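For clarity, chains are labelled A, B, C and D in written order, and residue numbers in each chain start from 1.
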Amino acid sequence: MSNNSPKARSLRLIARCPDRIGIVARVATFLADRGASITQAAQYEELRSGTFFMRYGFDIPDAPGLLEKLTDAFTPVAKEFGMEWKLRDVSQRQRVVLLVSKFDHCLAYLLHRWKVGDLKMDVPCVISNHNDLRALVEWYGIPYHHVPVPKEAAGKQAAFEEIARRIEEAEPDTVVLARYMQIFPPWLCEKFRHRVINIHHSFLPSFVGGRPYHQADERGVKLIGATCHYVTEDLDAGPIIEQDVVRVRHSDTIEDMMRLGKDVENTVLARGLRYHLEDRVLVHGNKTILFA
Amino acid sequence: MSNNSPKARSLRLIARCPDRIGIVARVATFLADRGASITQAAQYEELRSGTFFMRYGFDIPDAPGLLEKLTDAFTPVAKEFGMEWKLRDVSQRQRVVLLVSKFDHCLAYLLHRWKVGDLKMDVPCVISNHNDLRALVEWYGIPYHHVPVPKEAAGKQAAFEEIARRIEEAEPDTVVLARYMQIFPPWLCEKFRHRVINIHHSFLPSFVGGRPYHQADERGVKLIGATCHYVTEDLDAGPIIEQDVVRVRHSDTIEDMMRLGKDVENTVLARGLRYHLEDRVLVHGNKTILFA
Amino acid sequence: MSNNSPKARSLRLIARCPDRIGIVARVATFLADRGASITQAAQYEELRSGTFFMRYGFDIPDAPGLLEKLTDAFTPVAKEFGMEWKLRDVSQRQRVVLLVSKFDHCLAYLLHRWKVGDLKMDVPCVISNHNDLRALVEWYGIPYHHVPVPKEAAGKQAAFEEIARRIEEAEPDTVVLARYMQIFPPWLCEKFRHRVINIHHSFLPSFVGGRPYHQADERGVKLIGATCHYVTEDLDAGPIIEQDVVRVRHSDTIEDMMRLGKDVENTVLARGLRYHLEDRVLVHGNKTILFA
Amino acid sequence: MSNNSPKARSLRLIARCPDRIGIVARVATFLADRGASITQAAQYEELRSGTFFMRYGFDIPDAPGLLEKLTDAFTPVAKEFGMEWKLRDVSQRQRVVLLVSKFDHCLAYLLHRWKVGDLKMDVPCVISNHNDLRALVEWYGIPYHHVPVPKEAAGKQAAFEEIARRIEEAEPDTVVLARYMQIFPPWLCEKFRHRVINIHHSFLPSFVGGRPYHQADERGVKLIGATCHYVTEDLDAGPIIEQDVVRVRHSDTIEDMMRLGKDVENTVLARGLRYHLEDRVLVHGNKTILFA
C-alpha cells in the first residue's frame, strides 16, 4: 500500500554492483525494515560483465535528518555488495545549465516545458556564443551569458575556460547542449562526465558532425532522426539516451528536413532530459541502461 | 552472477496481491535463501486499486522435484500476502491452438515464426471454418480440423460445441484467433478466460466489428492499425496487449489498406503472442500490465 | 528548367472538377503557352464520385497585373471543365487567427515556428477565454483579446458573437483552435467552413470530447495520439488533415499521457497547419486529399 | 471519368528528361488525343541537375497492337524532349528471381505475399547457396537451384558464373536478394544495374556489412531498422528504396534484435519490392525518386 500520509517522503535509490545472489533481498529488506513502500522498481542484469543495476522508488515515513540517516544506514549494505549508488529525494530539483548557439527551437521547447512544470529542474543560467537569444531567455527570468567562441586556438581555449567558470558558478547537476554548435573540449567533457547531454540532429551513428541534414540528403535516406546522448571526448559517439525518426520524401529539400527535424529534436531532447532528471539513465560502458 | 552451471534451471514467478510493505523483501529473500539468482524483475503498483504486480525470472540450482518443492514452500508466503500466482519453468512450452478463417497471412506468419523457433510454443492443431488452408497447415505437420460454422443459431451452437471439444482435446494453454472471422460465444470466452487472444485489424477502440478497413476509409484516417487483445464477451473490447499503426494516403484504396494492414497485423500479433507466452501480460480489470 | 530569373513569380493553382479526358492537357498547355514552368504537380482521381483534384505549382514570367490577367484568361478554361479553383501567389501569406484556452503548448509552439519562419503566415491576433497567456502573446507583438465564455446559454451566445466579430475584424484566411476548449457553435463553423482547424488530443475517431487522455487510460490503449482536422458542426468529426501517435506504458499516468501527448499535439498541429497554408489539403466530403 | 469499359487497357508511362517548359502539356495532350484517361500522375523536378521525372498511369481504349503503335507514336515526342522512358502494360507481371541463404523469413514472406496476390510478379526460380529451403520453395511449385559458393576465389568466381547463367535463363526483370549473405561481384551488379534489390538488416548508412545487429548492440542504439536498396558495387551503399525502424530496449539481446528485426525486414522488403514492381522507383544518381 502506498504510504501517502502527509509524513511520507518519496525517495529514489539508484545502484550498480557486481551481480550476486541476494542483492534484491538485502535492499528490499532494508527498505521494508524502515517502513518504506516500494512504488517503482526496475533492475537489470548485464550478463557479459556480470553487472547488476537497480532503480527503486519508495515512500518512507519522514523524520528529521531522514536522508542523512538513511545514507548512513545504507552505507555498510552498499559496501558489502560493492555498490556505486545514490539516494535522491524526488522533490529535489536538479540544476540544469543550458547552452545554445543560434538555432533556438530546442531552447524554446525546454524553457516552455520547464515553465509549465513538465521538466522538474531549476535553470540557473543559459550560456550562448551569440547574443541573439537574450530576450527570449530573459523573458523567462533566467540570466543569459554571452561567451563568444573565436576560431583560433588561444581564443577558443580562453572562451571555454570562461564557459567552464560560468558553469561551475551555477553549480549544476547537469549541462544541456541545446543545439550548441561548438565542440566541447575533452577536459570539459571529463570535468562533467556523464552530466553533459547533447541533442544531435541525426539518427546516430549515421551522420556525425555539423551537417547531418546535408549528409542525409546526399545519401538519400527515407527517414531522418535525432539522438540525445551524453557527451564524451569522441564527437557524437557518447552513450545514447533516446532516439527517434520521421519520414522524409524525395521532394523534401534540406530546408524541409531541417524543419521536420526540429519536431523530432525537440521531442527527443525533452524525453531524454526527463529520463535523465528522473535518474532513469544509467551509463554502462558506452551504452545506457534506460529504466523508462 | 547468473547461475549458468548445467544444474541451474530457469523459472519464472508471476504474482499479484494487495500492495503492502515487505512483499519484495519477502519474495526476494525466499529466492535468495534457495540460491536463486534473479535475472529479470519487473513490478508495478497500481495505485487506484492498491494492487501489486510482479514478474521475476530466476536461475535456481536444479534438484529432483524442484518445481513441486518450490511450489509447496512458496504457498504459505503467497497465502500470507493474499497472492494470485504461478510458477513456471521457462523451458516448458505452452500449447497453443490456432483458429483461422480465409485470410491466412497471420496464420502463415505464426507458423513460420514457430518453425524457426521465434515463438516458443507447441501447436497441437489448427481449427478453421473453411477447408482452404489445410495444405499449408499440414505442410508444417500440424493436424487441421475443418469445422464449418452455419449462419442459423442451432447449427452455429453445434459448431461451437464441436470447436470447444476440439480445443479441449488439444489441452491448450492458449487459443489464438489468427483472423478467425466468427464471433466466439460468451460461454466459450468464459471457459478460456484471458487465454484467448485475438488480432483485430484496426487501432481499437476505433472501428469495432468486421469491416474496419471500410470504416477507416469512410472516416478518412491518416493511419491505420492493428490490435492484439484478449477476447471477452464484449466484441473487440477486451484487454489490449499490443497495438501498432502504419501511415496511409488518400490514394490508398481499401484493398491497399488491407495489404498494408497485413504487415501490421502480423507484427502486432507475433509480438503480442510472444509477450503472452513469456508471461509478460497481466490482466487487471479491462487493461493489461505489460512487463515488456 | 526552373525559371528562376528575377522576373519569375511562383504561383499555385488548386482545382477540382468532374473527371474527364483532357483536363491535364488543357491546363498544362494553358501554362506552357504562357511560359510557365511547372515545379510541383499532384493530382488525384477519386473514382467513386468521378472527381478530379489537382495542385500545380509553377514559375511564370512576372508582368503588371499578372494574377488578374491569368485569372481572367483561366476563367473560361475552368468553366469549360466545371472547376472549383483558386490561383494563389506563393509569397502571399495567409492571415491566421489563433484561439486558445489554458493549455499553452500548442500556442507557444506555433508562435515560435511562426517567428523563425517555419510557418509562412501572419497572425493578426490571438483570442482566449482566459487572460493567462496575454504576456506570452504580447511578447511576440501580437494583440490578445480576452473574451470570457460563460456557461449559461445567453452569455455564451453573446461571447461567440463577440468572438465572431473579433475574428472578422482580423480578416483571416484561417482560424486555428490551438487547444481551445470551447465548442464552436454550428453557425460559426458554417461561417468559416473548412477554414477552422482544430487539434484534438486523441487519435480520432477514438475518444471524442473533452477528456481523451482519461478515456485512453480507461481503455488501456498502448498508443495515444493527436489529430488535426477541420471543424464542422459534428464534434471532433470533421475532415482529418494529419495524425500521429506515441507509445505509452501501463505505468504512465494520465498526467504522463498529457505530457507525452503534448509532443504529438505540437508536431501534428504544426505539420497539419503547414499543409493547409501551402494549399496541400483539399476537402472532399468528410475526407481530405492531402498532396503532401 | 475512368474508362472502365471492357475495351480499356491500363498502361503506365515512366520518363525522365532535362526539365523544360511544356513537357507535361505535350505528354498530356498526346494522351488526351488518343482518348486516354489519366488515373495516376506524379512528377518531380530535381532542381540541382534540372531533371524532370514523371510517372503517368492511364486507361486507354484497347486495339490490336496497341502497345507497339503507342510506342511508335510516342518515340518522336520522347526524342524531342531527350527522354529516357518506358511504357508498360500494368497487367504484365515482372519476372523476379529470388536469392536466399539460410535465414528464410524474407523468402517465406515474399512467397506468401506473392501467392495471395499482394505482389504481382512471376517467380521463375529461387537460387540459394544452401539446400535448406528447397522444401519450402518447392511447396510453392517454384524450381530451386542450389549453387554453393566456395570461399576461395576461383570457386567463388565459378559459382557466380553459374548463378549468372541461372539468372539469365530465367529472363528476369528483377533479382531480389532476400537475405542472401554473399556479396554480389561488381560485374554481376553491372549486368543487372538497378534491377537487383537487397534487404539490409540495418538502418543504413549505419552498420554496413554482415553483422549489423552486433554493431547496433555495440553502439547502444535505441532503434534498429532495415533498408531496401538497389545493389551497386559499393557494399550496402546503393540507392535506398525504403526504410523503417523498431524500438529496442537495453534488455534486448542480439537474438531479440534479430527477432524484432525480422518483422521490419519483412515489411520493408515487401513494401520496397512492391514500389519497384509498380515502377514507382526512379533512380537518380545514388538516390531514388519514390512516387509512392
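The working rule: a contact is a pair of C-beta atoms (placed from the backbone, for glycine too) under 8 Å apart; a residue touches a chain by one contact, two chains touch by 3 or more.
As the structure is a computational prediction, the values presented were derived from the model and not from experiment.
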Practice prompt. Could you run down the chains that neighbour chain A and chain D together?
Written response: B, C
Worksheet item: What is the chain whose Cα centre is as far as it gets from that of chain B?
Response: C
Practice prompt. Please report how many Å separate the Cα centroid of chain B from that of chain C, as a whole number.
Written response: 42
Worksheet item: How far is the middle of chain C from the middle of chain D, if each middle is the mean of its Cα atoms, in Å?
Response: 36
Practice prompt. Would you please write down the residue numbers of chain B that are in contact with two or more other chains?
Written response: 40, 249, 251
Fill in: Residue numbers on chain B that touch chain C, as the complex places them
44, 203-207, 219-223, 225, 239-245, 249-251, 286-290
Worksheet item: What does chain D use to touch chain B in their complex?
Response: 40, 104-105, 108-109, 112-113, 116, 118, 139, 249, 251, 259, 262-263, 266-267, 270-271, 292
Worksheet item: Residues of chain D touching chain C in their complex?
Response: 1-3, 18-26, 28-29, 31-33, 35-43, 45, 47, 50, 247
